[in-house]
Each structure stands twice: as C-alpha cells, then as structure tokens.
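Each of the two complexes below includes subunit A, the first together with subunit B, the second together with subunit C.
The block that comes next holds the complex of A and B.
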C-alpha cells in the first residue's frame, strides 16, 4: 500500500514537469503528425516511382501503419534517463536523489514510466486524427494483446539498456557525445528509420543477435501480425532475457558509479 | 549524552587532472594527462552528540563539505569509519536517509521548474509521512519562516533567500534526527537570518534534532552553536566550545585609551598601533599567561587617562588567525 502511494506520488510529481511549460508541450505534440505526414508523402512517391504495390513484403498502407506504430511505441517505451542523470551528475545535482530514502534505479524507472504514459497520452489524439485520414486500418489484422505484452517488455528493456549506458557518465563527466551515438545506433538497428526487412539478409541475421530490435521492431511486427503465435512467444522470451541482462548490468553499474560520484560544487 | 555521529580516521583522496594553456598542451593532454592526488581529509576523528548544534567551519577547500558529503552517504571515503545513528552512511544509504535531512546552499534540493510544494508532496510519500502530520508540519513551517505564499510558486521565480527557506522546510518535513545545513543563510537578509536562527533553535530544543552547520557567516555560528570544529587543510585544528576558543587561541587584547589632554604615547615594539588621535589611542597588546601587559598598567599611572576599554578581538578575527597559521 505504501509502495503504491509512492508510485502515485512520483506520478503526481512528474506530472508537474509535464505541465510546467505548456506551450512547449503543445508545439512538441503537434510536431509528430507533421513528421508522419512527411513520411507518408515520401513513401507515396517512392511506391509510385517504383511502380510496385509491395516493397520488401510491405504495402504502402502497411508501411505508414508501421511508422505510426514506431512513433507511438517510441513514445511509450523510450526512456529519458540518459538525458537527465548525466546532466545532474555533471552539475552535482544528483545529490537530490542520493539523499532520498528510495532505491535509485527503481525511482528512475517509475519516473520514466510515468513520463512515457503522460506523453503517449498527449500525442495519441493528434496522431490518430491524422492517421484516420491517411491510413486504411480495415485491411490489416492487428494483434493488439500481443503488442501490449511485447511493448511493456520493450519499456523495461529500453529503460535498463539506457540506464546501463548512462552510468558511463560517472566516469567520463561529459556524456552528450555518447548519448548521440547511443540514440543513432539504436534508431538504425531497432527499425525506427526503416523497417529491418529493408536491410540485406546478413544484416537482419546479425540484428537478431543484438538487443536493439527487441526494443521497437519486434513489438511492431507482433502488432502487424507478422509473427506466428509460437514466434511471438519466442520473441518475448528473448526480450525477457535481454531485460535480465541489462537489469543486472544496471544494478552492478550503479553500485560502482556511486563510489565514483564526487558531488561537485557543493 | 548519546552519540549521534562518530567519525574515526576519515580519509578522502581525490584525483584531479590538470593541463596547461594553449593548443599544444590541449593536444598532449588527449594522450597523456597529468594528475595530482589531493588529500581532502587526512584522517579526522570527532563525535557529535544527540541534540547538539555543532558548527563545522574552515576556509575554502578545507574539507568541510567533503566531511558533510561523507556523513550524508554521498561520497565514499578512501579510508576510515563513520557511524551515524548506527548506520554506515554510504553502505546503508536508503535506511539511513530516512533519518537525516540536508540543505546545500549551493545545490538546490528543489526542482527548478516546480513549486516547492510539489517537492514537499514527493517528500511526503518517499518518507512515509501520514497526510495529516504532513499538512500540520507544512502549515506550521511555512508560517514560521514566512513563505506561506512563495512555496506555491515555481522555484525559478523565488529569490535566493526565499528559496533557502523553502529548502530548510524540505529538509525538515520528515522530522529527521540529524540535519546537515551547508551555508543555510546564503542570500538571506538580516531579518530572515534572525528568523531562521530562532527557528533552528526552537526545533532543536523541542525535538532534540542534531544540527551540523557549515557556514562562512560567523553570526550563524555565534547565534546557533555552542561547540565548533575547525577544519583546515583536511585536518581538525580545533574541536571544542566556542567560548573556550577565545581562551585558548586569544593571543592579543584590544586597548582603547582616552586622554583628558593632548597626549603622545610611545608604544613599545610588542604593541601594534591601530589608530591614533591626540585624545584617543587604539592598539593591540599581546597576551602572555594570565597577566595583563605591564605597559597597560604604566599607561594609567603615567598619562592623563580618563577612560580605558580592554576587549577581545571578535571571533572572526580569532578564526582568521587560526586559518592563516
């Protein structure tokens, strides 16, 4: 009961951040449909130019649904820990969280989940308003329960992966460069820029041994019904395995990082 | 009296990197960096009793903030033991955190974009404070510190003094057993300072909360602390009562003499002239043992003295002498 009170309390607190700069938030939320619309025009002309209705196993309609799903899945499962923690470490402000009587990793996880929920909720309406105009949803059979399960796993996986990488900031002091690379690598390997089926087979094979596609591509493939029931279960088990790996790294790295922290400028 | 914090053989060494100026040294530093090992604390020992208000003072870079950070569990020491209410701060961080509060004047505990009230509500749930107790304490404290409107405004809109008051509330809401105050009166006007001093004394007496105060403002120390610890270059140079400090470290007295007619006095070499007019002479005289310098006695008998004032240098000066040693 007290744990639930804490989770809700952290949510209330995080909500304060979400509404602190309202105008900024509205501008940001309205940028997503614009990106989706641009993607729609780009791919419409590519399909028209190629004269094909199916490219790499995907119709134009499926591809636009794919990009819509990318936006929503990133919104829900991505984490901001490596934007926040390194900045707090550099400025010595992390002490705020270190002196609080709460598990540090858990605190940031709960905060991250609340942030995802608030932001997903904020973009759903503008995104779907556009999506209903440009997408024909009736031609696709969605596996929504499978997606829900897999996207929750992706949320855990993203958090622990990003948290693990973010711990580097305790050693290097300036983390921004690593963050840019971390995001760039993830966006290529997780299918955010183009679906992984567009890559040569060798690459696709290689990607399956890396954790990235399980953070975004896999939940979307499950949603679009690209996997059989058995394949979906296997994919989720692999997601779970990666979660365990990165959760262990996170806990271990945080232990080591604490001893590194200097609390500068106090 | 029971001990709240006991510190034994505490050492902390830092590695700091340095490079010279110019493109060449910047390039060289990419491959080979020069570093220095700094000893911030050189094995210090002290005890703090429950219910004490203790002043931890020292010049910049003396090691006082490092000491506080180790006692809060923020820094891991290189060597040594700290027992704070039975916990080792850096090992039992979460359990220990329930029992202390901290204000860092230079590092806000409050979120810049949120009103302090939002942070207070987070504190309420993290520290398991019952709703009613929380409301009562908050109401009482915002009233006592006169921030009953400000705590609802975003922190970024508060003045430094207002923010500091809100920081103090954040550190005390869960009624901790120990409170660390690092430069708590920074940015406060004299009225606000006085109010905060009174507030700290009040809750110290009412609830027996132990306070550890570090500050450069001697009025904080004089108003709040009976006992002080002076740290310099990573070592404790004084640990005792504030009033004893002048006894043990007082090396001079200030003498002000008024004459009934124009007088010119020749000061012996051991005395230091501060100011001189035909009717008033101010000087410092060294103190040796319990006896007043013979020159002062001679002065009264040999010159037309109408008034003489003998005083101690103020505490700030005594401390400055200790720092400079």
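The block that comes next holds the complex of A and C.
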C-alpha cells in the first residue's frame, strides 16, 4: 500500500511537469504528425514511381503504419533518465534523490513509465487523426497483444540500457555529447529512420546481435504480423535476455557510481 | 562637426564586429573547457546530419528512386540543406534560445540596459560554434556531389545559388525571430521551435513530391523550398526563374515582417524585477 502510494505520488509529480506549460505541450503533440506526413509523401511517390506494390516485404500501407508505430513506440518506450541524472550530478543536486527513502533505480524507472504514459496519451489523438486519413487499417492483420507485450519489454530494455549509459556521467566532467551520440546510434540501429530490411543483408545480420532492434524494430514487426507465433516468442525471449543484461549492468554501475559520487555540501 | 552617415554605419559595424569577436572567443573557451565533450558533440552533429543522406542512400541502394531525381542530385539538395541549416544554427539559434532562457529566468533586463539594440546584442553574443561541423559537412557534400554531377560550369547559376542560400538563411533567421518574439507572450516556446523544426523536415526531400498543394505551400507561403530544392534546381539548370524569384521575395518579406514583429513583441515585455 505504501509502495502504491509512492508510485502514485511520483505520477502526480511527473504530471505537474507535463502540464506546466500546457500551450507548449499542445503545440508539441500536434507537431508529431508532420514527420508522418512528410514520410507518407516521400514513400507514396517512391512506390508509385517504382510500379511495385511490395518493397522489401512491405506494402506502402504497411510502411506508413510502420512509421506511425515508430513514433508511438518511441514515445512509449523512451526514457529521459540520461537527460536528468547527469544534470543532477553536475550541479551536485543528486543528493536530494539519494537521501529519499526509495530505491534510486526504481524511482527513475517509475518516473520514466509515468512520463511515457502521459506523453503517449498526449500524442495518440493528433497522430491517429492523420493516420485515419492516410492509412487503410483494414488491410493489415495486426498482432496487438503480441505488440503490447513486446513494447512493454522494450520499455524495460530502453530504460536499463539508457540508465547504464547514463552512469558514465559519474566519471566524465560533461556527459551531453555522449547522450547525443547514444541517441544518434540508436536511431540508425533500431530501425527508427528506415526499416532494417532496407539495409544490406550483412548489416541486418550484424544488427541482430545488437540490442537496438529489440527496442523498436522487433515490437513493430510483431505488430505488423511479420513474425510467426514461435518467432515472436523467440524475439521476446531475446528482449528479456537483453533486459537482464542491462539491468545487471545498471545495478553494478550504480553501486560503483555511488562510491564515485561526491555531493556538494555533504 | 557632424559625422557622415557612412562613418556612423562604419562605427556600428566595427562595434558589432568587436562584440562578435569577443563573443566567439568566449564561446570557444566555454566549449574548450570540456574538450572531449566538444569533440563528441561535433561527432554527434555530423552523425545526426548523416541520417537523411543514409535514408536516401538506402532508397537508391534498393533500386528505388525519388521521381525526377538521381542519387547525386538528391545528395546535392541535402548538402545544401545541411549547409544552410548549419549556418542558421551557428548564427541565429540563440535569437530563439537565449531570448527564451533569459525570459524564463527573469534576466532579460540585463539585455535591455546595454547600449545596443536588444536583438542585435542577442544575435551577436552567442554564436553556436558546434554547428560549424554541420556547415563543414554541408560544404563537403555540396562540393563532392557537384563534381560527381558533371555539370557544365555556369557562373550565373552559381551566383544565383549563393544568393538563394543567403535568402534561405534570412528566412530561417526570420523564423527564429518570430519564435523569439512569441516568447514575450508565452514564455515557454520550445515546442513552437520544435514544430517549425519538424516543418523544415519537408525540405530534406524535393518539394515536388508533395503534390501541387504542397509545392505551392512550400514555395509561396512557407518557402522551405529555398533551403535546398530551389538552389539545387538552379545549379542543375532547370529552375523556373519566375517561381524561384517569387519564392525568394516571400522569404525576404518574412524576414522584414519578423523584425517588425519582434519590435512589437518586445513592447509587451514585463520585467520580473521591482
């Protein structure tokens, strides 16, 4: 009960951040369909010019759904943890969080989940307002339960991966450059900019040994029904394996980081 | 004895140049305090700017085509886009960013008490040095693709290309001024910045793919065609001059309007102090 109250308390706190500048938030949410619209025009012209209906195993409709799912999945599974912790460390404010009677890693995970929920909820309306105009949803057989399960795993994976990388901030004077690189690398390898099937085969093979595609590409492929039941289970088990790997790294790195941290005025 | 208009303008320019030189030195020193981070930042900017060329490469790698454009032609367009947006971030980003941060922290007063126009000071005081990597990348892509395109050298086309880049830059800076000015009313305008930034994404690809409506919108109302499409069309020798000219005029008008809007908005500033 106490734990639940704490979880709800963090949720109320995060909600305060989300609605602090409402006009700003509305503008932000309504700007997201712009990317989808640009992508729609680009691929419509490419498909029309090529004369093909299926390119790399995807119809135009599926590809647009893919890009829609990219935005929703990123929104749901993203974590801001490496934007906050390094700033707190640099300013010496981390101590405020360490002294709280709550597990540090768990606190940031719950805060990430609340943020994801609020933001996903905020963008669904503008995204689907456009999607219903440009996408024929009836032509695709969606695996929604499989996607839900996989995207929750992606949320865990993303959080622990980003948390692990964020721990570097305890050993470097300035972390921001690492954060930007981390985001750039993920965007290429996780299939955010283009489905991984467009890459040469050797790269596709290499990507399967990295954790990035399990954060975005795999859940979306499950949603689009591109994997069989067995394949979906295998993919989720691999997601689980990566979660365990990064959760262990996170816990280990956090322990080391605490020893490294010097709080101002402590 | 009265000073001539020429010497007054000359004096202003020298003053601005001195402020800019000082600001550049300060910014460079700030970045250099964390050299490794600076190097990572430059790498990250280059990496981010290579994402769009990577998508284009993969499109053409899969034997697909953006209608009416070869790989090198699209790359030339992209190079121009990266170059223009890079200069915009280098010169103009802080018109938007600094205005916002000073208004949010209640420190805008210190800009107002200086013996120089507020917008001029904001423009001069913080060049975004890290964006120079974007500028260099843009230049490299433009030069690389220009040589690959085997275009017959045409001085007029190159001059028009450079003029269009200059007008595109004024247009982008006008957007920064608009957003900076809106901050006087809304305080938090980062999402408006993001909104405009996302709209600029339409300019990454040839605007001809957006249909007649999109083409007209991005030429005559929100002329992002100037960021890459029209300069590339000019160099490729297939530009419709009247359309290019009209689009450039729209870009210039927006720049002038943005300055008036800023002057109007700054009158609505209310100091946080007593």
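Brief remarks on what is shown
By our rule, the second predicted complex is superposed on the first by the 263 of 266 C-alpha atoms of A that agree within 3 Å, B and C clash if a C-alpha of one lies under 4 Å from a C-alpha of the other, contacts with A are read in each partner's own complex, and residues count from 1 in each chain.
The working rule: a contact is a pair of C-beta atoms (placed from the backbone, for glycine too) under 8 Å apart; a residue touches a chain by one contact, two chains touch by 3 or more.
Bear in mind that the values here come from a model prediction, so they are computed numbers and not experimental data.
Between subunit B and subunit C, more residues of subunit A are touched by C. With both structures placed on the common chain, the touch criterion links A:9 to subunit B but leaves subunit C unconnected.
Within the superposed three-chain model, A:98 lies in touch with subunit B and out of touch with subunit C [touch as defined at top].
Within the superposed three-chain model, A:54 lies out of touch with both subunit B and subunit C [touch as defined at top].
Contacts of A:210 after superposition on the shared chain: neither subunit B nor subunit C is touched.
Of the two partner chains, subunit B is the only one that A:17 touches; subunit C does not reach it. Judged by the touch definition given at the top, the superposed model places A:148 against neither subunit B nor subunit C. By the document's definition of touching, of the two partners only subunit B reaches A:259; subunit C does not.
Of the two partner chains placed by superposition, A:133 touches none, neither subunit B nor subunit C.
Residues 20-21 of subunit A are contacted both by subunit B in one complex and by subunit C in the other. Those residues of subunit B lying in contact with subunit A across their complex are 14, 65, 68-69, 72-76, 90, 93-95, 97-98, 100, 102, 104, 106-109, 111, 113-115, 118-119, 121-122, 124-128, 154, 182.
Residues 2, 5-6, 8-10, 12-13, 16-17, 20-21, 92-93, 95-96, 98-103, 258-259, 261-263, 265-266 of subunit A are the ones touching subunit B in the complex. Considering their complex, residues 34, 36-41, 43-45, 47-48, 51, 54-55, 58-59, 61-62, 64-67, 186-192, 194-195, 198-199, 201-202, 204-205, 209-211, 214 of subunit C touch subunit A.
Interface of subunit A with subunit C (complex): residues 20-21, 23-28, 30-32, 34-35, 38, 41-42, 44-46, 48-50, 55-56, 172-178, 180-181, 183-185, 187-188, 193-194, 198-200.
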